[in-house]
């Protein structure tokens, strides 16, 4: 008889993303589904709005990465009105952006994803959270984490008014120049941030890399998928979050294509499944071959590991060193091991800190000119950034008054949606045999999922961050046969 | 529906338009029963909230009558209403409320004829538009 | 005896409200001393079953953020209402409907078709849409239903108190929780924010002349304005006068005008209607033609007046 | 405690009874929430009706009353009184106007009854939210400022003074009396003008309660009805009012000669002067514009000449502040500038003059000592009087000044008196001769031979050019035929207009300015001398063209209103139907400040809030509708009350 295992965010009834695994009569896993049960309709209700309001409207897509939407939107407006922001404005935007990446990645490592490693995969559920981390690394460090997060968010408060939702984005620049004293305050925070980034990598080294069990886990075939990788790169093919061209490498690490954001429609396509409100992105040139990996499948991955795989390195010295170290450690590019996302994420944290340092030291950043006024009629514009969880596209069309006539959003986690399903499925296939469902497997499955740090809020404007899990095994009549709570 | 009788709420200023309505009454001239009147001291008192409220409570049309420009008992109240009217009309379109459902006009105390004409015209207009689906 | 229980929950939200809870930082510890957080999807592993298991009114207070668009959100809101002595609507979405409420100017079908059939990146030859019940190779899957309109929390359940804002000010989250835990006697429907509108605390109010008028609506992308002068005095749309204070003028400090996320001041039924009235009344013309022109320079009036409050406006949604 | 509403349905004799089903209404009303009793009554406004109402209020302990009857305009006040006398606050009443709005305008009885139900329901809904209101009382000044010392101002001042009111009479010229003081005779009685005005002027000059401020101007006005504060500049006359007896010794001494504007520049005067004999007060004044001393030269001629040491070169302007309760504006009028209508060639030719000039010429104290002379000092043989110059034509003024026809006939009469041989002709398009005696006067005058009436086809179908020192008049007669006439002298009757500085005055006193520079009445039918600014009254020709008796009547009327409303010892009651700001809610966004037509709202810089002055507020509610935080409340027209009414009408 077919069983249905539901790994559910608390419960299907309450939603915000759930995973359903189906096992056949033999008890082998047939399919795993990542279902996203929510929808808001931005693409429609943004129509008829004035385009210049989009940075503050679309950031409400997601309270976890509002800065990503705000920035992608601002860039889409630059393109829409064909206006290039003053250099100072671009630098402030990028500063704000790196501060955000830094803080968001850190949040994931310490509060959400990190506990798997820091506290340990086998630790009981109720310890596998920030409080668990506190116990493990000590209150002092935990305080530091909270403290640095607060300070870095403070940077964005200085730049944009709000630590959470920036409001400064405008076509052709930003609303507020950076004052000398503000710059000094930020500079101090950035110094601390850089130190903390280094410290975090040290922590990773001590707690994870020095622990064979963890390293094996990272390299384990359970978390292994040969896929395409996509990310934003600068003119030297180095990772860049704020600007550049989109580069895609194939499973062998060879450049498959490289394109401008405005051409995204030639390269990417979305698939609709009746069982989720989330759409699935894939490479158009290869096409949709289902939830399978390999060169023949259009499925690709984004976010930290993908960005590193799709690039030729990092643009800052320390991050570059860490980049090289990672690939050396994991057997060269590209790395297909999903668990390596955690490491890649920390490489990016380091880069973000270094980049902030570069930008804040640049005297041009306090230039009072931060806006160019549009002179052309608006028509159409695409904006792109690398959100923490992957490449994010905003695409607007307007009438000559700048009133929106068409809006399209491709959000970070959508890129990974197919891969996430596959990773879960693969993990499940390896771990679920008949009714013999060990409790340990739940962590393993969850970790497969968690590594991507999927933000379903982005993907569908639903659950930000993490999902505690439980497995329920049902028979065909949905009668609960067995329930195991993770941890 | 042919037997549809629109509900129209009228906001009439105390000094001109309400007088105008009264003089229509004193002249015992018939006009559509569809109009139900709220007396305000000045058309300038008409808060857009009242108009929205009327639509929400099931009015199919809203009519605002004030003193002629220049004749306002309070100098300029009617102009203030005119200003609001110009924005409100535009906004109501976004809510799918046809512009004919909201009307602003000037009726002096002596213009009972004009008053009757406006009420009749508006009633006919709104009748032809049909009911405004009531808000829950 | 055991500490009072607190629950936090989200409906149709972006997670920003969660972030602002995280932002209460050190106060988290104070709250943890006073109460047990028994339910918080984002951070704690507690099952829906456990919520059902609570006795009615067992939870001292539940903070719910997000608006109501999916049926399961309504279901959960009702369940938590039953289990909680007090419900606090947290954030603009729960309070006044929020930005997703703009979708009330569109039909449900339009929204779905746009996202799954019409956008240029989608390939959907069969024109399928997500289904409430569906089978994939015989495997039965379910999704919650998408309602016709967005509703605020108090349009679904009785709400005791409100913490407005998008995002909410962490200061008021702490104040609210402590007030309820301390059995502070508050009027039903109390809003944790300022009583007066934003202008009262806005540092630009002094720069607003007493005979300020609107000559034409200027949009933010069109020009560089004086950051030390009231936006309305510069012909720009700022909802400050019609919006409850309490946000500490974050947007203003970012040199951008208010968009009204804190909702109306008490006694105001319709934030947008009131703002429209205030703005229109000071338009600098009595001439119908010119007024038409000025109205023409004001784009998307509904979208500005009801940026966050459309579901709780008098009209609530597009006709029909 | 639950409200107890009583609903009364007046049958208004047959009026309502026959048109709506009163029985059904009553039953319906009885079923409404918080209604404890509902009754029909034959004629509620009758004594018995009022009795019943007041009896019920007491016996049934009604807390609210709804009356479905005629228009509130008719009997709201009546019923408010009944409530008051029955010990119920009069504002706890709501009237449903089912007579004018149902009974009389809806033929179908069923429809009428349905609508009446809705209106009663609405009234009940509304009245529940009514609040008891008390009229407020404030202290007030009873002194009065009168601006302008023409006949209107004078009669206002005198009427007030006679009731022992302190009156400040401000006249911008050094001499009082206005235009009339410059006339020789007045129509239709042909009495001597100065004989008519002299006693009045004299009384004003010497009345204990009038403080005459000649040569003075109002420069600032603050405050409000009952409590105005007025800033007056008393310009230095440089001649001691008390010492000078107007002997004129100084005139001869003065080396300066300039045109005399008081005689329409037809003769000259000195820099120290009295414009004409009989000007009051009979005290000289120095005009600094022309006096040599004030041009920096050394001259003490007048000082030396004055036998009474009345000259004081060092006198300075004084700024005085007056506290008054009310103000009467009686600043008079000016004539349309005939130069603007070239067709009359005024200013381009000799012997074409305005009515003012001719008035002075006729006047024994005038430039020609009463003789009618052409520039060449010869008497004219023919004189043409032209009606409607610049009036009753779209291009200039549409209004008819109403007095020109009469005074031009007066001119004709006096011209014939002085030059019996001369022929005079009146060019008119219509004769405007209102009143009891004008027509009779006209017949008398036009009966004389040598006086021609020439009927033009239109007010401006006339053209005057100069042909060898004579005026050549081409005109279209009433049949449209083109005719012409040559005369020695032309007298134009230009339209009366508001004074040249009426715009500034309107702003200063916050009254609205209408067409042709005349001030606008609060209500041109029922409130002809009050303005939309409470406490500021207008009288005489500044409110529109009129003759002397009408001006005098208005002056007295204004005085009457003031005597009626501002009584010493009595407080000023102000209607509670005004706007009030809730300081708990006002954020000081300043939206309302500029909206108030009566400047009743001010901004408190300290509190950063707006404040409504209940005395100035007239309760229009414009600010209430605009207030974005609903911090302003319109008493008796609150949002709650009106929303409840709307809901009721639609249920």
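Letters are used for the chains, namely A, B, C and D, taken in the order the chains are written, and counting of residues starts over at 1 for each.
Simple rule for what comes next: a residue touches a chain if its C-beta (ideal position, glycine included) is under 8 Å from a C-beta of that chain, and two chains touch if they have at least 3 such contacts.
Please read these numbers as outputs of a predicted model, since none were measured by experiment.
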Of all other chains, the one whose Cα centre sits farthest from chain D = A
Pair sharing more residue contacts (C-beta pairs) when B-C is set against A-C | A-C
Chain B-chain C separation of Cα centroids, rounded to whole Å = 34
Averaged-CA centre spacing for the pair chain D and chain A, given as whole angstrom = 77
Between chain A and chain B, the Cα-mean centres are separated in Å by 56
Rounded to the nearest Å, the gap separating the Cα centres of chain A and chain C is 25
Where chain D touches two or more other chains at once, the residues are 595, 622, 625-626, 639, 643
For chain A, residues that touch 2 or more chains besides their own | 48
Of all residues in chain B, which are in touch with two or more distinct other chains?
-> 47-49, 53, 76, 80, 84, 94
In graph terms, nodes being chains and edges touches, is this line, ring, star, complete or other?
-> other
So in the complex, which bits of chain D are touching chain B?
-> 71-73, 97, 99-102, 104-108, 111-112, 114-115, 118-119, 122, 512, 532, 577, 595, 597-598, 618-622, 624-626, 634, 637, 639, 642-643, 645-647, 649-651
Listed in rising order, the residues of chain A that touch chain C in the complex are 2, 4, 9-16, 20, 22, 30-31, 33, 35, 37-41, 43-53, 56-57, 60-64, 66, 77, 81, 125-126, 129-130, 146, 150, 153, 157, 160-168, 170-172, 175-176, 264-265, 268-277, 279, 281, 288, 371, 373-374, 395, 401-403, 406, 408, 410, 457, 461, 463-466, 468-470, 485-487
Complex contacts: residues of chain B adjacent to chain C = 47-49, 51-53, 55-56, 69, 76, 79-80, 82-91, 94-97, 132-133, 135-136
How about chain C: which of its residues touch chain B in the complex?
-> 105, 268-270, 272-274, 276-277, 279-281, 283, 285-286, 288, 291-292, 294-296, 298, 300-303, 305, 313-320
Can you list the chain D residues touching chain C in their complex?
-> 584-591, 593-595, 603, 608, 622, 625-631, 639, 643
